[in-house]
């Protein structure tokens, strides 16, 4: 994904960059010439391009929406039986809430166009551009019913409706990441309030810095194709801060330094969730190409699909081999986490690597998970589903790995952006968590935790039958 | 009458059931339980953390028999359930005051 | 969705209305001019439009097909363990049977083109049109293999194969709605026979009145974009009549006026089912635009996707807040039902509302569910999964709500159509249920009900293991 | 699917055959004329065709990917509780491994273009063509980032990335078929090693014979549209040979000739898996048209979607009626298997049959399953999930049934190809199984089997809670 | 005191619970079990193969009562659980040495 | 020997297990049960309808001990399982005639 907002406010020539997703020079050139060639060489008509781009967003958007179900199943499978109904409730509620919050404020904050609340105009080689820090206030507004081509918001891009739909799903994904880490001990309502802030403010503000055309994009040349940092590590940071403030589950870490495993209630649900996420990720990464209306874009989206699969495969196989080597038995939940870490790793740059390199990048993600999960336990940070290793650590790795295959990326830009986003999310979400803790409290009582949140907070067992 | 309570390994249920059937023991009640004895539980690794599984799945058989068959039946179960490894289980025998067959209302040994 | 049959038999100019889905004037104009502009303005080629429309049907069709799995999971999760295998069997069987019945008779009954068995020609401002009451008899026939453009059934629409595929899934959805309400006590075979009649006759006949270009469409100006009435309330009416004739589950309502809750066996399955339905609904509503080949259509489909999500979010959040307020504990199954009610509510008009209005319309659906579920209990109407509040009540609400945002809708037309369809379905399905009851009996014995249908009717436990 | 490789190396005129998927004469003509007509009649621009073809592959590819989840759920539901985690592990691992093996060697072996390692040039009516036996060695390489139209590998086809993605999923499907049959007793690592060989060598070599343009395609005129033989019976043969060499589960067949049923652990998972497979199959068959860029192709893909659904419906209803008639109670697992057998049956030719014929062809598949499952039991071949009846027997039936509706198919060509593929897969997979058995052993000990593979091989229970 | 162990059909739980409540029996522990007696299991067909389900699901009720109420309670359960068909179950009575109520530490009949 | 049957709250299993281990009680069998005593069940709301959950989940521990340790072990369990709220459970003690360790065939107190 790239500076959509930029496309709305700058010269058409510049707008084309928004298409390329990776900022590759050759791409920036190709669609431009394609338009001229249309009659002779058989390029798609201008409106066909627009429709195809829109279609890419709609398909990718529903695939990413499906990831919400994946998180719900994964988390329901990895919590203990007495907390399953609560975990399901949190997942469906956060997805609904994200929709409202992103509509009410998030989308405009993230894509302010040229109406940044805080920002300034700078001079670049290709003309003036905006260095943005804080987007606009307002609700999302779509194109009118049956809009005529001339009246479309940006005929060189896609419909605003499809863009909103697609972007919303990324925002919701960020929220889904948080719920798993904090499971089994956080109260429902403070959690949901945090989600409102995360999806309405924290996520959109930092996402605007990159994808809204803000300063990370224009000043630091930060490259994060589909959001290893902008989405995954943001969710990961918010989860990490929450986990530290919330504390571990009662009985999880023993005085003698050992930890007590609390195996998840259902491996089929956890595996189903992983497969759902794997599927949804094709939309996550593929849709972030933001265009499907040219031969080059079609080939790029195809590369991305193939690379995304290789990343997941690499992560899964790495965890498979490594847990066998280290523990003499394969750990299914690690293989599931490995596949997801592979996916997160390839998310920052799913386009430029070759297939083999994509598998390697994903494989490193799988390795990270296998080592990071017990490491967090040693630090007594209790991450119920492994979201911190998968989304934060592998997200950082993936963001750094961009420099391996994409010459447009600079190690400085990547590191600086990782740090800036990390600090921002850590501080803001830390403030929110602490404020919630001080006011309404965020943790259920020890007795309620023992009984399980299903009984005490939802009044319903997940599998109630005798 | 006696009530025999046998805790056995789940995989020994079929052989025990067959042995009892072959020896004319006509009823049994089975419950899924977990437990430990000298076999102290064992350690597993889950997500890189070693932990102790204290309770091992077992099956509990409850079998009511006439007092004079208790020793024979207990012996039969013990032999059939034995694998020779730890965790083979235990068999308890209790006095049984009375039995009623619900359908007919018969009582005592007739009801078995 | 709109009068596809009309498109087949009337003037091309009129046919274009079929594209708009909402009957909006500006849309009717726009595609027509678009064709003329093609060369200069970059509109898609005629056949590209046809292919894109077809693609919309195929994608939407498989999404709606997926809803069959959603109903199966939702219902399996909300029945008790002893009836789970039976509920699964009913769901997969009804989906298969719907396919055969709709092919054999339903499709032609629903889309008779100009060969209505009962109907007459009337004079309208734009020329003659048909007022249809009963469609044609015959099996569905698709275009030939590798059909040439000239030979396509309607080059301004989409392939007949994709239309059949898409429409079939709507028919099957109607059937899925019924199975949940009647769970845990109805015999397998009478239920399946009812499904044959519902999908072969009842659904297609009334659907023809609106989407086949029948009298509701042409005379009453009835607007029901994707079927709040034509699909959802039809399923709801059939379920309601069935529930009344069948009676409540044994032990459900006590002599002292209280009712005994019978919690569902698996919250993860119920939640999974809801997420599946939520996903499938993008196809349900989005595909009902019936066209994707112009900028206006692409923007409309995008609006619909976004609005559909807002409707669901509104319904879920409404139920979340309301159950917390009323019962002091959130009821997960109500939140699931709330999301679905939101979806049903927005189905009659997912295009014209803005995002905020869509959330409100869906939110009212969520409110309806929270109040209607206990109300049905007071009436001793035993609806195992809440299908009547979700599909019938929210369906009526959604159909009425069209008038809020769509100036082409008249309250009279909407109310009259709701009543006409309601009476038709109530009477016809009542006759079928009563005939089945009188002949083969529709209810299992009390002893069988106690033991569970899995054991007595399927001879198989859903989770058989010790 | 058809000879893609052929398209890469022969004359453009011939290449068009690759589009038709079924080799139908009228299709071969239609796109050719369509290009000429483009300006006047409104056919899609050349690059639009390319993009639409690519999009078909991407959509179909993710649908087929989803089938991996379907197999995982189906198999997890049909094994006993003590083997569920292992079965899940096998399924996700094999899918990951297939990705790597197909990239490293399988894809080039399957689509050697004109660089067959073993093969010779023959003279045909339309010029010279290659009779290929063994493809090329090498890893898959995709088009460059942002490729220009002129530089695309085959502008008359689709992107290489989308083709690779789509074809990989077929290869992985073949592997998924094997895991179910051998469940509950095979060791993890020998199984995974077999998968490496199957997906890297066995599948691609024989697939090249047909879809890579090898001798079955060019010499025998073998027609197998989406792979009843090339995919399904290949998985089935490998499973059959494995089942015979591995032996039945302990306690499955008694000395007195009776067999002991071992009911699956979860009917909801099995049903969910079936619905997932049903959904994925639209991509499996629909994508095998290999083209969406003309009116004829759009109509064909639509026919295929509709026919695929009819095949599944026919199979499910046949099993529903038949088990009721024979056993007096419907067997849910047979209905699930019946639907899948219907899908396999229609896979060899989902295009040419009419809707009714498609239902009949699928229905015969359902009948086959109902009779073949107990027959295998009598032969003491222990197929845990019914993969042999579903994929092998119904696959053979479907391949033969091509001659009923497709005049281009010859019974000789079909039978010969079934036999050649069968012998090849039986021999090669037999060698691999026997080699694994002789070296590392393929079967867990009887004690481990009794305890369940979850505990002994994975060290984790699927539902661990007290 | 006596410990009454009743094996009944799952569908009879509600009636028995109500009957006991009506007769002032204030506590009960229920376990899901499987078993067989004269009712020998039954055969089912799964995927075309006939097989015997040896163990039928039942519920086991454990009810501690003062010795003098044992006969009455046993009778009450037997009557309420009876359907007249095979598989109606059995009721066993055992001697109970002692009871403690955990919360209060009361013992003996007071603790019931 | 005695058979101690303790019905406790599920959340008290870990403390009880640890206390027993610390006091050299080397075996135990645990069953998931549901039940009620004076704690009469409680009402929940499901889909807007209030209903009574009659049976509360509990765990049943069965522990065979030499007769002379019965009082001490019972006491230990009672203390460790106590939370002071209703539903804390009950502990029953029964006579145990005999025990066999399946693996070795040992009987009597040696087998415990």
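Labels A, B, C, D, E and F are assigned to the chains in the order they are written; within every chain, residues are numbered from 1.
The rule is short, and it goes like this: a residue touches a chain if its C-beta (ideal position, glycine included) is under 8 Å from a C-beta of that chain, and two chains touch if they have at least 3 such contacts.
Since this is a predicted model, take the numbers as computed values, not measurements.
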item	value
Degree value of the rotation bringing subunit B onto subunit F, based on Cα positions, nearest 5	120
Fraction-based call for subunit F against subunit E, same above half, different below	different
Intercentroid distance (Cα basis), subunit C paired with subunit A, Å	33
Centroid distance [mean C-alpha coordinates] between subunit D and subunit B, Å	48
Of all residues in subunit C, the ones touching two or more other chains	38, 44-45, 48, 55, 59, 263, 266, 272, 327, 329, 331, 333, 459-460, 466
Per-residue multi-chain contacts in subunit F, two or more chains	30-32, 34, 44-46, 55, 94-95
Subunit B-facing residues of subunit F, complex	3, 17, 26-32, 62, 64, 94-103, 105, 111
Subunit E to subunit B touching residues, read off their complex	2, 5-8, 31-38, 54-55, 58, 60, 74, 77-78, 81-95
Subunit C residues touching subunit D - in the complex, by the definition given at the top	38, 44-48, 50-51, 54-55, 57-59, 61-62, 65-66, 68-69, 72-73, 76-77, 84-85, 88-89, 91-93, 95-100, 103, 139-149, 152, 155, 158-162, 164-165, 168, 188-189, 266, 269, 272, 457-465
Residues on subunit D engaged by subunit B in the complex (per definition of touch)	251, 447, 450-451, 459-460, 466
Subunit C residues touching subunit F - in the complex, by the definition given at the top	258-261, 263, 327, 329, 331, 333-334, 370, 373-374, 377, 386
